[in-house]
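In structure tokens below, several structures.
Each of the next two complexes has chain A plus one more chain, namely chain B in the first and chain C in the second.
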Partner chain A sequence: MFFWQKTKKNAPQPRGLDDLNPSLEINLHWLKADILASDETIVYRRFKTSGAKARDCVLVYADNMVKHEFLSQFVLRPMMQSSPPKHLRGEELIRYLSANVIESDGSELVARYGEIGDKIMNGVAVLLVDGCPLGIAVDAKGWPKRAVTEPPSESVVRGPRTGFSEDLGVNISLVRLKLSSPNFKTRFLYVGTQTKTKVAILYLDNVTSLDLVEEVARRIDAIEIDAVLDSGYIQEMIRDAPYSPFPTIGHTERPDVAAAKILEGRVAVLVDGSPFALTVPYLLVEAFQVNEDYYNQWMVGSFHRLIRYISYFITTSTPAIYIALISYHPQLIPTNLVVSISASRKNVPFPGIVEVILMGLVFEILREGGVRLPRPIGQAISIVGAIVLGEAAVSASLVSAPMIIVVGVTGVAGFVNPALNDIAVLIRLLFVFLAAGLGLYGYVFGTIAIVLLLSSMESFGVPYLSTMTTIRPQDIKDTVVRVPWWQMRLRPRYLATKDRQRLQRRTGSKGP
Partner chain B sequence: MRRGFPRLLSLLLVTALLTGCWDHIEIEALEFAFGLGVDQVEPDYVVVVEMVKTSGGGQQAEVEPLVLATKGKSVSAAGRSLSNPAGLRAFWPHAYVFLMSEQVAREGIVPAVENIVRSRYIRSTVWVFITKDCTAEEVFKSKPPAANSVSEHLNAIALMQETISGFIPLQVWQLSQAFAAEGIAAILPTVKLVHEQGDLVPIVEGTAVFKGDRMVGWLDGHESDILCLLKGIIQRCYFVIDTKVGENEFFPITYELVGNRVEIKPQDKDGKLSVSIALDLHFSVEEMGRAPYSFRDEAFARSVQAQLATAFTHWIREFLSKTQQEYNADILGFGQLVRRKEPQVWRRLGENWDVHFRDLPVDLEVKCKVTMAGLSSEPLRVRE
Partner chain C sequence: MREHVPDDQGMILVLLFVVGNTLVFGLGGVAGPDIWLAFLTATVMALPMILLMARVRSLMQGAALYSGLEQVFGKWPSRGLALVYALYAWRLSCFVVSDVSNFVQAIALPNTPKVVVASILALLMLWAAKEGVEVLARFAVVMSKVVFAVLLVTFILLLSVANPAEFLPVMYDGAKPVFLGAFQLLDFPFLEVVVLFWVFDCFSSKRSPFKVFVPGFLSAALILLVMTSTSLAVVGADRYSVFYFPIWTAVSRINVSTMRLEAIVGVTFAIGSFLKMAVCLLAASRCVTYAFGFSDYRFVVTPLALAVIPGSQWLITTLMEVEKSAIKTYPTSATIYQVVLPVVFWVVAEIRVAKARHQGKGG
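Let's turn to the complex of A and B:
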């Protein structure tokens, strides 16, 4: 009936679970015809051992996924020079070669076609010997890797410059360098029916609640998806409150941030191929915390944090309050200002709400354009956008001059909190519509709705607003302000369930 | 729960949205009224409005004042005729001043101010003035040198009251209190026009004296300063007094009032009521001109203080006779004091207070002291 049903009927049985055949030629045939068929990057290197009874061997690997010098020097040369005893055959021969000839730290025996395919795809070379139903997998991973560089999305003035790269092993070691303790644990999971992407769960045994670790593992295990190309896939699949715009899982590109979160009792999830580590649980306060707060002097850090809170208020509320004031409550604006706003709006054809949405749209377009374009062009775009469009729009009486200020301030303040900037756009829009319909009254309703939403949310069992709504002194020490390190004696109550002690005793130069 | 939820939601929305009153109006559709004046009450109200006309848009926004006079059966009815035929939507919450002409004030201000006190659009912080020798319309059409509009100009002056003196400003919220209080007559500041380089410029100077809600007379700027002094209002007034220096030489010396303490006490002696006023005034010398004397000379300082006391006693006597005999308006609130301190006497005399007030004996004791002489106690000496 349908063509795929026909093809399915005639398809050969998959060989993945079959054991290897003692005959090298048959093994090669199946590899070429089935397991690794139609893949021209696979290299089959034939050679023979020396000695009286030379054995036929084949080294199979994927081109550019392995270290060629390593294979030549530590696999091919010793094999060619070796002369295994005549009486050895089959499994014994393979064990002899693995134990006495191959000079590699990572080698294991493989018995199935499917295993060989997986290994080769992951940069492992497989050695097959005629007469043996086993192969030797030699770890020679050597694909091109990006160097450890400063993360572009989270640059700091003061603080470590290392950022995660795409390699899972490297990333784990970067975190381990920060937390070199036997209590630092990692657990591997594999996600993706096609990609079998390796996912690592990182935590501190003596701090983190094991229930949390189990919950994270359970959620990741439950994912059934064909491919995981970035940690964003996992982030969306395991998050709480999936219909809420607020993030309930944090992500960072910095090993120091990941280590700090783990130290507070969180769990970090690293995904192979993604330079972004996920951290759970994620609370709203974290969106306003930046690693530099902790590296700078505490007063400076606290001030910057306050600026972030104020900026978020500005970026979400300015247009709404402006609309409410000019359309409903002109009596609340100082007289001089109200006259000049009125004058500047005299010939503008649109009501305030249309102006806000129009200019907000233009701003978002410019931003998106600037982000996607190569950096030099992006800068040009933003300058053209800011100066030319703004000026022209005002002199053409399309928008009023105060609106340019409102939109500009709103946009710039949004960049202060990158973690919440995308949501800020949505909140802003909601507030603007409410303010346009009901004035300040509507704006207040919107705020109440957002607070209700936030207080109903949870992230991995932890209330989303915890530490923001508490009055316990230890819990609010790292919220709106960042108190000095010698004051933060305990880890957050909601996260670290085992060992809450952060400072062992009263230390520091001026501990009270 | 499932069935109850929509009902609960609609109930919430209804209670939230159908309360209060507010209206959507775009800001550019409004014309901001800055000043309101009432020039005539009988037979028709003549109401003058100063608003600012905004025009332009884009980067060349312009603001200019616009004065319109309308007629109507009441203040609010006249105000309405701004919309039709004038075609303007006046917005009142930003108004600064409310003016009444002398004619309105003499006929009684209640019909003119009732609407202002009641209105929910006009703020209670609006300044109230009486125009002297001119109408409100003339004042609004005059040309202030610095401000965009007359209302802003008057507002700026009213705010500087402490340093410029010569009047006692009053806002709408104080009106009812000022006119309703027993035993004290109301006063309102006055606005008049002066010629200044070819332009008519409105200034705030002097006081209109009321009896009930009808105006009975004027006080000029100097008399208003004396009034402030006696009311204990701190104003940094300047007094230029021809001071006798040495034998028979007089020099105008400028004194600034820097502190005053007033004590007014009613006394009831053998059924005879009198009021005693004790004044303790502190001055600083602002300008001595050519007067050659040093304030280190104690005799001179004493003589100056004595002369000040004499001058002030004279002025206050004049002021009292004007209010008692000429206007017969108890603007200092002697009646109020009697009522508070000597209730029995008030019960006896309150009915005919006007008559008793006219001939009320006042004991006056003025003490003056020069406490500061600026940065130099010596006169500026010039080599002959």
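Let's turn to the complex of A and C:
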């Protein structure tokens, strides 16, 4: 007791790694004074066991993080009614209680103060018994959870209606429900010096390269940050090409999408508290793929995908090409159109590039304004922007009418590919400046630069453009179009390194 | 670091390199209506040289380029050769940059100084060469899809305005123009493939050089044959050699409901040329690095790329000079780089490898 007496005089020292003391009072003192100090949500419920030799017990938990009913019914009541044999002491006693009294499937023994602190913060109740240098941690997690609903950012017409929520366990089970195979593996890591957020790595061990899994785990392990509040933190910390604006890590709110990506040989990363699963490696084609492409009939799916590619071309290039054509290459525009464009531009005092930048800026301001506003006000803003400003700007000869069309089409086409829409604005600006300076050739130089950037990028060792940089027929079946399922016999070459077979034999009624 | 290019990407790189900056020029104009014969002859004549380059590369047994070279030729001779080719590749890169800047000035931007376009190109190819051959090969495949689509559309539309009678009579002036045209085609662009020899670091297998060089070259020859012959049938044999850019002129004859398409061909020309100049710059930098025994080629790229800007302006100043040099001065020097030295390479390589194999068996 010398140590105890000595430290009692001084201020409590951190002793997170120290073992529990057999004395209940000493343990409570350290919990209240050090590990769980100044936290008024912590509940210390004192009670006694029954029988001739009643033992003093304390159940410690964080209020509103546990299921109170569960604790009363399966921990407190059986404990109070139990009368452990007299001869049992210390470790033996606690093992007896854990094995014979506590009616919970998720209980384990804890031996250190630090462990107790971590457990309680995560919704686990800890039972301490006088005379025992161990505690029993009972999993009674129960905080308000959001229901499994359809994610608003990825809603579908055809397809499952489930989406991830903020609970890691629920999210893992949602993916497991899709991939109910013993080959589906999960690995846990803890990130954040303050939060110790649980991060799960999900993969199929007969498809995914284990090197990839190791690399993902290595990068997540290397993160030293105080807190991880959303998967976005991890996304930014482990990505390749950090200075490129293009995303090299995918994210989804849908378990079916995550499962499909895992099936192709990717690794999914789930973070506790975040409804967004990360998937790596991420290739550019994925930005143009949507789960409905695979649920709809293949021709319809392919058509929609083509529309997405065309839209992206429109949203990045239309203003630049328009400026190049009207400023440098009017001979390429049909004569009637040239006449009508020049008539509409007659009274406009600005050159094309000023018009584009002015209108583009107004569009972005309206969009940014509309996004964060409640829906009715957002609509009002759109109407003011689209009709009043557009119409008024043309009649005031601030901009020409064709420019309104160009900017409108550009803006609307951008929403077709939400994953790449933010980057489209940057690409568009680059192209506009180059086209204003060098015409179509400036635009081509800009394209060369963008393709060069994309060609040089990699995501977890896989070239970013990999399915676009091959001429092998099997590898391009799921790129610009989506061929019928019966034709996609193999998984992508760069991802599924272990087992490439997707269709076991010639399947499908129309299979060739 | 060894850079490894998959065979299919390598093939497309070869293809676009050959098609590259040739897309708007009037190649083999000397042959007149027999231009297609000149193309076929040139292809047949070039093929042995292409096979020979692939063979030399394959004799190195999948080793990285320079260690392979040292095994075959010894240290100092291979360094000397590298320096000679560095000069050749750098000069070629200047030519291509000057072609594009001349073309852009003549066609679209008469008031913009050529050096502006040349500088932008130099910066872009500096970046591309620093990224290395793997990235260039990926870039080539992505861009090739645009180039092929444009070529296919323009070819179909050209057919509607082409006049097949322009090819007649066949060999009216005998075989001489055919051979003259074929020789022109050989040194520009067919045998410029020799530059690519210095770019690929290592191949996936012993047969890969053949799979990369031969189909790449043959398909490029086919594309050029088709595009050039169709253009000749559009503009006419006698006027074909008058224009600086006959293919471009031919495409400008297409009218799709009062809309014209020639700028699109210009765009593919710019893409192909860019790839070619970047490959040349990369070859030059790698050769210089090897010749002086540096460890990494990337730091040599910047000075060489910046030197291309004045180089492209001084070596050739006007479009007329391009024509002149392409016909008169270029062929002589080109023959040394494209035929004489590769043949020497091949002979030495075969002898050395045979000797090594013999010693291996004996010892």
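Operating definition for what follows: the second predicted complex is superposed on the first by the 500 of 512 C-alpha atoms of A that agree within 3 Å, B and C clash if a C-alpha of one lies under 4 Å from a C-alpha of the other, contacts with A are read in each partner's own complex, and residues count from 1 in each chain.
We adopt the following convention: a contact is a pair of C-beta atoms (placed from the backbone, for glycine too) under 8 Å apart; a residue touches a chain by one contact, two chains touch by 3 or more.
Given the structure is predicted, the values throughout are model-derived calculations rather than measurements.
After superposition onto chain A, partners chain B and chain C are found to clash with each other.
When the shared chain is aligned, no partner comes close enough to touch A:163: not chain B, not chain C.
When the two structures are aligned on the shared chain, A:301 is found in touch with neither chain B nor chain C.
Touch criterion met: A:465 reaches chain C, while chain B stays clear of it.
Of the two partner chains placed by the overlay, neither chain B nor chain C lies in contact with A:275.
Residue contacts after overlaying the shared chain place A:455 against chain C, while chain B stays out of touching range.
In the superposition on chain A, contact is made by A:340 with chain B only, not with chain C. Judged by the touch definition given at the top, the superposed model places A:444 against chain C, while chain B stays out of reach. When both complexes are overlaid on chain A, the residue A:192 reaches neither chain B nor chain C.
Looking at the shared chain after the overlay, A:396 reaches chain B, while chain C stays out of its contact range. Of all the stretches 77-85, 113-121 or 149-157 given for chain C, the clashing one with respect to chain B is 113-121. Under the contact criterion defined above, the residues of chain A that touch both chain B in one complex and chain C in the other are 328, 331, 335, 438-439, 441, 445. Across the complex, chain B meets chain A through its residues 16-17, 20, 22-28, 30, 32, 52, 54-59, 61-63, 91, 93-94, 96. Against chain C, the residues of chain A that register as touching in their complex are 328-329, 331-336, 438-441, 444-445, 448-449, 451-452, 454-456, 463, 465, 468-472.
Across the complex, chain C meets chain A through its residues 6, 8-9, 12, 104, 108-109, 112, 116-117, 120-121, 124, 127-128, 131, 135-139, 141-143, 257-263, 266-267, 270-271, 274.
Those residues of chain A lying in contact with chain B across their complex are 326-328, 330-331, 335, 338-348, 351-352, 394-397, 400-401, 438-439, 441, 445.
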